[in-house]
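The first chain written gets the first letter, and so on, giving A, B, C and D; residue counts start at 1 in each chain.
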């Protein structure tokens, strides 16, 4: 797991560099599907003291199998997402300002333009708040279950919707690995900011149509993609 | 008091580094309860010329007992808080932009999400404006008394509410020491910014429920805390 | 084309330096009218790995004539503008946050003050959204044609209007060369930001009058210009 | 004039450092009342190429008496202010984003709190737009005259009101010398930002009362000042 620890460490360090975290308000994990173990940031450790060897290894039963630190308190949320969606390879949680503001507002982020369509196949979903019972029970696990409930109810494929919000909380994003999950966290923050400004400029702003969404999403994804060098 | 001067100096230097002050618009103090003396920034000294030995030592009668500089003009405000609340170990005052905007608006900051609940056990209170008599009298002392009046009237324990606003003025935060008080000043600025955006996105946004507040506050505070490495 | 490649490379590198791009969300081109070829950024190449020799040379028939990389996916948009307007020497496309927000709102940017009048002879136009047929057809080419349609219908001379928006997409700017086009992209982002704030402060704000526009535009442009050292 | 050139040069260089200018959108001057000459930035010269020896010396008849560059196109505006108000020692003009947005909105900045009262003895005035005749005539001179008209009509002493706005244009600030004028330009930008946010948070926000304004202004100004070390 040495390389994965290094990769997850680097992905974590991108969060403060990209301005997505204040203090320790964020965490990144990445999974090795072969061994069924994922690597995650230790809880509450400051980014300027974080080292690759501090990363914690957790298996899909939620047991710590390597590392001397306690894993992120959000580990059970990551675990549920990894168990449900075998194609997710990395997960990020932050309290980045713009995305968290939408989460606190309890609103989906409408797809107002091509920037969002390059990554998301529609609006960014906001999952419901947890009930008191869910909060008082296995809170972090239930946070994951509420996200899954939302994705399933809305028939959202996580490969087409690489992130979402949890009401009164904040954003989660994912990707094929930890680095891509962080990339999507940066993207989500940018589109959250622009959607905010769009609505302030025009409260009657209309989301982009399906043809534009498809055009841009498939410019970058799938077998007919023609963006980039590959 | 050499170590405390050094600690308070470092805490002061965090303010410009974290973007919380313009010019000299802020000050940090820290107290040594054993000797009953606190250390505070000198008045009007630029942060890029500030040195540990410039810190001023003041006792709980408000007398300067060490240092060649005049203490912060806000010293009597700090003094009242230290006298009233023996568990406060450090205090910060700034004119940080987002928190000051709420103070100028004369509004509490509603608790819209888990970011705030991790630190505050409810809304951030905004104390009333001072009367003309209070302003023309011992202004800085009265600023402290108005904050205490607000906390007491609303039965707010300062350990559960590590900061507040003064109407038409700005934010004050505190903590177990100067460093924690600065940490809470950074947090307050972040939640002030996100609460602003939350309301712009949804004027009908509803504050988080009591179960969520308790869950998050006690994840980080008290004997059942499970966030971090201790 | 060695010098032009170097110039276009430098102009591209200004975009992240000036905060106008996230990841690879932008591209700059510059044309050599003598040879009828333009140089453009390769598609999807990260700015921190970009080199002058990666620039792609394309002729006015849209054929790549030099370079081992695939050109920007937006190349056909640049091509249409170069073909229609022989005095355009450089073109920039970004998803810069403020300008893109106006594009997503589907609105012209009104000319509220002298900052805009120093560069634009009136509001910044927002072209209509593309039809589904235009999207499903030659999308990037049609993006260029929709901009031209808008400029022609509104009798806007591109030398007096060095940039515009495409609805649901983002901004395009141009200039006598790649460097000036980037300069205008920075200007557009600033005026988009200030116009946003102007309207928030005063929903009844009135655009500046024609006399002020002419005064400021001609202070900097044309034979009677008296701004600067030449 | 060697020292004054150096001082005005340094004051000019503070503008980009403090984030108040984009490209060449700003200028600072400082006057030597003894000789009746002021030093001002040359027109349109980029800040990263500016040198102390490029500063231009102008007398109170508006004639260039030293320097090989053309002075700022806004020189006649500075001239009118220096001629009318003998106690002004330095002047700054920028298009800083927040202050310019208020100018474009055509609004005074209400005094919502102590941050503003520490520097301004009331709201920041916004002078009217120029008439077409004033624009087509001696435009830059008339800009100065319109500011003076506003200050006189409102009986505003420039020592108590160290800056103002010109509608559809932007902010001007002044002080006892060039450095203080720049300091006030930074302050104006900060208070413009906070007043914007205050109104967004509370459209019914009420300006601070006269007692608070006097308290804070005189903490820092006049013979009874007790802020700082002198």
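Simple rule for what comes next: a residue touches a chain if its C-beta (ideal position, glycine included) is under 8 Å from a C-beta of that chain, and two chains touch if they have at least 3 such contacts.
Just so you know, these numbers come straight off a predicted model, no measurement behind them.
Number of steps on the shortest path from chain B to chain C, with steps defined by chain touch: 2.
Number of steps on the shortest path from chain B to chain D, with steps defined by chain touch: 1.
For the self-contact between chain A and chain B, the two sides draw on mostly distinct residue numbers; the shared fraction is below half. Comparing the centres of all chains, each the average of its CA atoms, the largest separation from chain B belongs to C. With centres taken as mean Cα positions, chain C sits 33 Å from chain A. Distance from the chain A centre to the chain D centre is 46 Å, each centre being the mean of its Cα atoms.
Residue positions of chain B touching 2 or more other chains: 200.
Applying the touch definition to every pair of chains gives A-B, A-C, B-D, C-D. Chain A meets chain C in the complex at residues 112-115, 183, 186-187, 190, 193-195, 197-202, 205-206, 208-209, 211-212, 215, 219, 226-229.
By the touch rule above, chain D contacts chain C in their complex via residues 22-23, 25, 42-45, 69-70, 73, 95, 97-98, 100-107, 129-130, 132, 135-136, 139, 168-170, 196, 199-200.
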